[in-house]
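Next come two complexes, and both contain chain A; in the first it sits with chain B, in the second with chain C.
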Partner chain A sequence: MFLLRAKSLRKTYGGVTALRDGSLECRRGKVCGLLGANGSGKSTFSKMISGVVTPDDGEIWFDGEQVRISSPQEAKKHGIIMVHQHLSLIPELSIWENMTLGFEPEGKLGFLNDEDSRKLAERYLAKFAPELSVYAKVKDLSLAQKQFVEIAKAVAQEPKLLILDEPTAPLEQSEVEKLFAVIRELKEQGTSVIFISHRLWEIKTICDYVVVFRNGQTVGAIDFETEEKDEDVIVSMISGKELKLAKNRETADRAPKKERMLEVGGLALRKSGVPLRFDIKKGEVVGLGGLQGQGQEELLLALSGLLPTGGQVTLEGRKLKLKHPKDAVRAGIVLVPGDRHKEGLFLQHDVFLNLIYPQLAVRKAGFFLNRKKLKAEAKTVIDRLNIVPNDPGKVVQFLSGGNQQKVVVGKWLPLAPKVLLLSDPAKGVDVGAKKELYDTVRELADQGTSVLLYASDYEELTGICDRVLILFEGQIVDELMPSDYSEDRFVAASLRSKTAAGHSPIDEAWGEAN
Partner chain B sequence: MKRQNFMQKFQQNGLLSIFAIFVAVVAVNAWLQPGFFTYDVFESNLASFTPLVLASMAQAVVVLAGGIDMSIGMSITLGTVIMAATMHDAPGSILLGIVLAIAATLAVGVLNGVTIGYLRLPSIISTFAVSAVCYGASLLIMPQPGGYVPSAFYETYTASIGSVLPVSLLVILVSLLVWGIFRKRKIYRYIYAVGGNEAAAYANGISTKKVKLYAFLIACIFIVLTSLVVVAQTSTGDANIGRSYTLNTIAAVVIGGISLQGGKGSVFGAVLGALIIGFISNIIFFANLSSFYQDLIKGLIIILALTLSLLPALRKKALA
Partner chain C sequence: MGNVPTNAAGQGMALGRVRNLGSRKVLIAYLLVLLIFIAGQVISPGFAAFSNIMNVLNISALLGFIALAQMLVVLSGGEGIDLSVGAMASLGAVMSSQLLNGMDGNLPLAIAVVLAAGFAIGAVSGAGIAYFKVPPLVMTLAMASVIQGIGLVYTNGQPKGMASPILKELGTGRTAGIPNLVLLWIVIAIVVAVFLVRTRAGQTLYGLGTNRLTTELSGVRTRVVTTVVYGASGAISAISGMLLLSYTGTAFLDIGASYMLPTIIAVVIGGISLAGGLGNYNGTVAGAILLTSLSSILVTLKISEGGRQIVYGVILLLLLAVYGRQKSNT
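Entry: the complex of A and B
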């Protein structure tokens, strides 16, 4: 009855536990929904099943015998194929070449049999996108079409177990239904499917049962064939029952801000999406929440001029044209980027140089630099942010993560920014430095700087933000005030389930269909 | 679903514009060079173009796999120097010379393939270092130009088969046939896959190290042929003879529509590119321009070709 049985899989990366106790049973010819918040371990788990990651501990039984899967090739031999989120297609090759890449049909003497390859590609591609020619090059396809080619390629290998990691992310409604039709066909042929998605209506539509992961552990399963498809139950399973009281801190008794700092209107992050519209008051800290990759980072990039998009951005009543980062920086909008090593720091340079680069780029200076003045300014920043060690000559590479992040924030301080954009600033930063960092941000806000903060961690957002905007697929779907801060509320809003305030038309359409 | 016909393939590979340039260059050449359409001129033109055509095929294979070979010129040199140093009129010595040259070229190919594929060194640097090694070895073998090349070599190379097919053309055709065989094998597609997106190729279960090594080994076949042709052409060994080939092959590959990022273009395009460079040199000669202009004009054409090849990518970026 069971095709796959994974028992107590465990994986730690250098002291960080990615998966503590992951268990799952796959029934033959059924679709298993794998659910969990970001970082709950479901990704690590599916990578173990498909051979990308080897578990530290635990057992995997496949087709009645215990197996060790140490590489993707070995997984393939067993008949386990995973469609990864990041596409594994070669843009310059045609669809048929891509669809048979790595398992090309061969004829005599090891010569390729391209005719067979093309026929195979045509047969499986027709299930998803019959309008596409297998001769088309992958680089000319849309994201959704690429996803179809990727899935068709996996199906063409006739797997016993197919793992789909958020396959529907780039797909539109009608395309999702096409995928579901193929999944149903696979089920009839006895193929088992593990389906990972954040969209509850999809889970409810296609899955026969779901397994929920939380904090690296399997926390439960719901069999849709015998139990009710109750969204509330699913959501509470994903988020954990215990309702953590929001740490309102002093946010509640702070006087509401009125003066508008930044107004954003008509900014569309995705082609088909409804444009974003929101504003930030002076001295206000606004959070961006939701699942990962729902457009939070793109929004910050757009506002910092790195990702030019349409839409009007108004700062203190003045319209801005954000075509280049310099436009944003000169207007007083500065970004603390997500990847500080790549985008925020000159790792091989010392703290002093890192702190003064923005000034060299933005401020009008004389022919010679006023080193004395710059040194004094750098010193002020170091003292103010408590950068340890307080030596401007220290090479940034050798600072701790938290102190590096302080340098990224600190380099903007002498410019007295009006709007501070923070993209997951506490990633890889220890608890103490995190607190200092957020204290600094709060302090800046109290002095009148407006802050837009994206953090993947819910507690970080609720700990500091005056309100939180929830993004889903590039759109603001909910706005949480401090009185709404609870993990359940957060998860529900992020998943866009019915328990959230805003009903989505998609949810309603599917609710009726069921 | 209908099969793609030849013209569609031609267009998809971007060969159409290259072919247009080729025709234009031939036309100008025909106008300037007296007796262009006589068999003798055809034969002598081909004989002088052939080495670059073969060497460019070698470069094309490496570039398609996402690398670049800065050692091609010196690898050719090493082959010619070895042959010129070992050969006498005795058939045994000729065979020995050729076998040693093949062994040396393969050794260079393995060195390149292992450093780039297995040690993951950047090809532009490591092949440049290998180039220095080859030059040093060539100088050791032959500090001064000299050596002996049997006259049979020269005579064979300038001969014609049935007085319609020059041997130099035959060598090109044979090389294209060899490549045609590889085209029917997995390695051909894997070269494009690794050059196009190495991480994705790896995720598909392709051994990217092996593919890079094989690309350099396939290139060796064409490098050996180039060495043979160069020896036949010059009748001496000279440690500086191959110097110009490295950059000229890169130029030919770029003009022939192969992306230096790898994974895009065709070996046939590189052949056209090499012929275009050959004809341009001819044009400069017959237009009575100083040969100093040759490099200058060639350089400008390469810049033009590079810009044209980058245009689609830039346009896409602007739209995104």
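Entry: the complex of A and C
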């Protein structure tokens, strides 16, 4: 008997299809794992069920009748409550006020009954965090505690269907166990749960069955009660590919690089994490892979000096102190940041100022500017990167995304950088410009520049990198060589988080859970 | 007429299309000045006479000096604004007056002390803004009150002394019929134009004003630079106080107070984006001349003080409605 049946839900945003064909059946009193890579449509799908997004097409059946859920309030009336990834608590209010906000028990004459509210909050909070007082203000809580309050608030409303969107992201192992205990209790009471997570061991521990999304479509389901919990099957469902041999790459026969350029040691991206250790050879292109938000961007920011993290960074045998971007830039470590408008460009100024700015910043230029020389240099960069139009006086905001990104890369060229850090450089860049961009990066590498590249698209990584480090929760959990390159390997490495060194909190957790 | 300082300031400006966005506003400002003088001449013959034009320019120069301090801060972005320029100019004036005590021999010392005090006080504002994240509006407003207090303590409420002969000659004398202050203004306008466009520091400032994060990531210590910019604003305001003294001969405690708001308006009329990073000094020069011409014609029209303020206010509102609308920076 199904509690919820969603059939062929579809949603497009101005020509971009977020969800093509999402279907899911929710069994009563069971936990359904919702799986899929970033952008596979699972978030859009769960938002439709909870009334945040209205589907363009498709049917939703709930409790035996067809329903239209056009707002979160309506979803609540049916008994569907979603705990979103981004918390929605009000920092200045106390825990109990937050927990009962929106469904306050009413007393006589319709006035709010604070006493009942507090008792209700206390009862449900005790399931997760008995040590917390309901009078504590939310702003004083840790991220994990806030997550618990958010979930406790949802549970307190006694939903028939509870949707949890990556609820475990801020939680430690013992806290995850606590959450699982509550989920099991809910199951016994007949509540259905949709559980979204990227961590396979969690899925295998708590879910009764899983539904997999890929490219905006439901691609399959596995019933753990009758079928085996086979990670390989799950991973290949998510990635959509059978194990496939790596593409033959022209780079494979390039002579192995020996000379060390950059050595990083003892760099901890997250407080509790094991410090990172890796090096990059001269002229090597190293990729940073893994799921989104696993510390790749933080690592690049740390190396660019914007995010001081401690740890030792050695460049060509010389120890660096990276306390400020100027330290990195002067040493020759330069960043092409992830958000070019906010972090890489002066949009309202011309290409010329943008291209010469780093030289001003590190005082490579004299006090009085030699505009003729600088103009010539800017012109050289424009020609080399084929920036269109080739007019240094053009205001950058009127350039296409690809040409803007070329300006961001190009501004570093006159400084002859030793290490180029790239944060998802091809985001919002058209195919042609993307190719030119990566050709330039490859060319720079061939001339001896070392490159550290984070890209959210795995094909960009495999297309250019000599090897790829996979990050998971701020740790390097795997290293893939060109012979390992396949989407399957990527997804497996990204999700399964097996370390070469063999010690990561995730692996330990994995061991406990089995 | 007013074209003299612009052309001079405008020479180094032909940089690119960006800066020309502001230059249309500057052109309109000068057309308005022209209109005011024509109207003034019709209503009251003699308004457009050479001597009156020079008079207006002379007073414009005083506003223009203080507005330069305001412009640098606005240009540096981060919602930059300096509400202490008026108080700082007052302090500069009373300090100059007491230090000079009417003697030319004290001039080098007075200049040095006034510049240093202005820079130090301005840098305190800058540090508060850059390091302690106090909003510029709040920081400089509070600082204005502190500076006023310093002035009171310093003078015991009664400024003594007066301008020295050389300073008086600078403030009231003429060379070839042109007031010395106007000539000084032209020189300063050229220096500032060259500084902004032709030097590393000037171009760095444009970057800082447009996008702090990009500037920081390029390797500029933006907080240090911000502190220095507010320090420079303080020093320029304070030395402008000395120039106010050169014009008036003796100082009083709030001699600079009435300049604070007009500096902001002159900067906006001059095409400096309040969001920072765009515009240049020739626009501010135009703004100062326009504002001074406007109050001058209102005086000529013999409208009562109250009526004059109302008309001035309404016209400013109209000007800012037209000029102030600009896309904010990202």
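In this text, the second predicted complex is superposed on the first by the 478 of 514 C-alpha atoms of A that agree within 3 Å, B and C clash if a C-alpha of one lies under 4 Å from a C-alpha of the other, contacts with A are read in each partner's own complex, and residues count from 1 in each chain.
One rule holds in what follows: a contact is a pair of C-beta atoms (placed from the backbone, for glycine too) under 8 Å apart; a residue touches a chain by one contact, two chains touch by 3 or more.
Computed from a predicted model, the values in this text were never measured in an experiment.
> In the superposed arrangement, does A:Leu93 touch chain B (first), chain C (second), both or neither?
first
> For A:Val134, is the partner it touches chain B (first), chain C (second), both, or none of the two (neither)?
Touch partner of A:Val134: chain B, not chain C.
> With both complexes overlaid on chain A, does A:Leu347 touch chain B (first), chain C (second), both or neither?
second
> Does chain B (first) or chain C (second) touch A:Gly102, or do both, or does neither?
First partner only, chain B.
> Pick one for A:Ala169: touches chain B only (first), chain C only (second), both, or neither.
After superposition on chain A, A:Ala169 lies in contact with neither partner.
> Quick check for you: in the superposed arrangement, does A:Ala144 touch first (chain B), second (chain C), both or neither?
So A:Ala144 meets neither chain B nor chain C here.
> By the touch definition at the top of the document, which applies to A:Leu306: first (chain B), second (chain C), both, or neither?
It touches chain C, and chain B stays clear.
> With both structures superposed, pick whichever of chain B and chain C touches the larger number of chain A residues.
C
> Across the complex, what residues on chain A touch chain C?
304, 306, 324-326, 328-330, 335, 337, 341-350, 352-353, 356-358, 360-363, 365-369, 371, 392-395, 411
> Per the contact definition, I'd like the list of chain B residues that touch chain A in the complex.
Chain B reaches chain A through residues 1, 4, 12, 184-186, 188-189, 192-193, 196-197, 199-201, 203-206, 263-264.
> Which residues of chain C touch chain A in their complex?
Of all residues in chain C, those touching chain A are 15-18, 198-201, 203-204, 206-207, 210-211, 213-221, 273, 277-278, 329-330.
> Applying the document's contact rule, which stretches of chain A touch chain B when the two form their complex?
Per the stated touch rule, the residues are 72-73, 76, 84, 87-93, 97, 101-104, 106, 110-112, 122, 133-135, 137.
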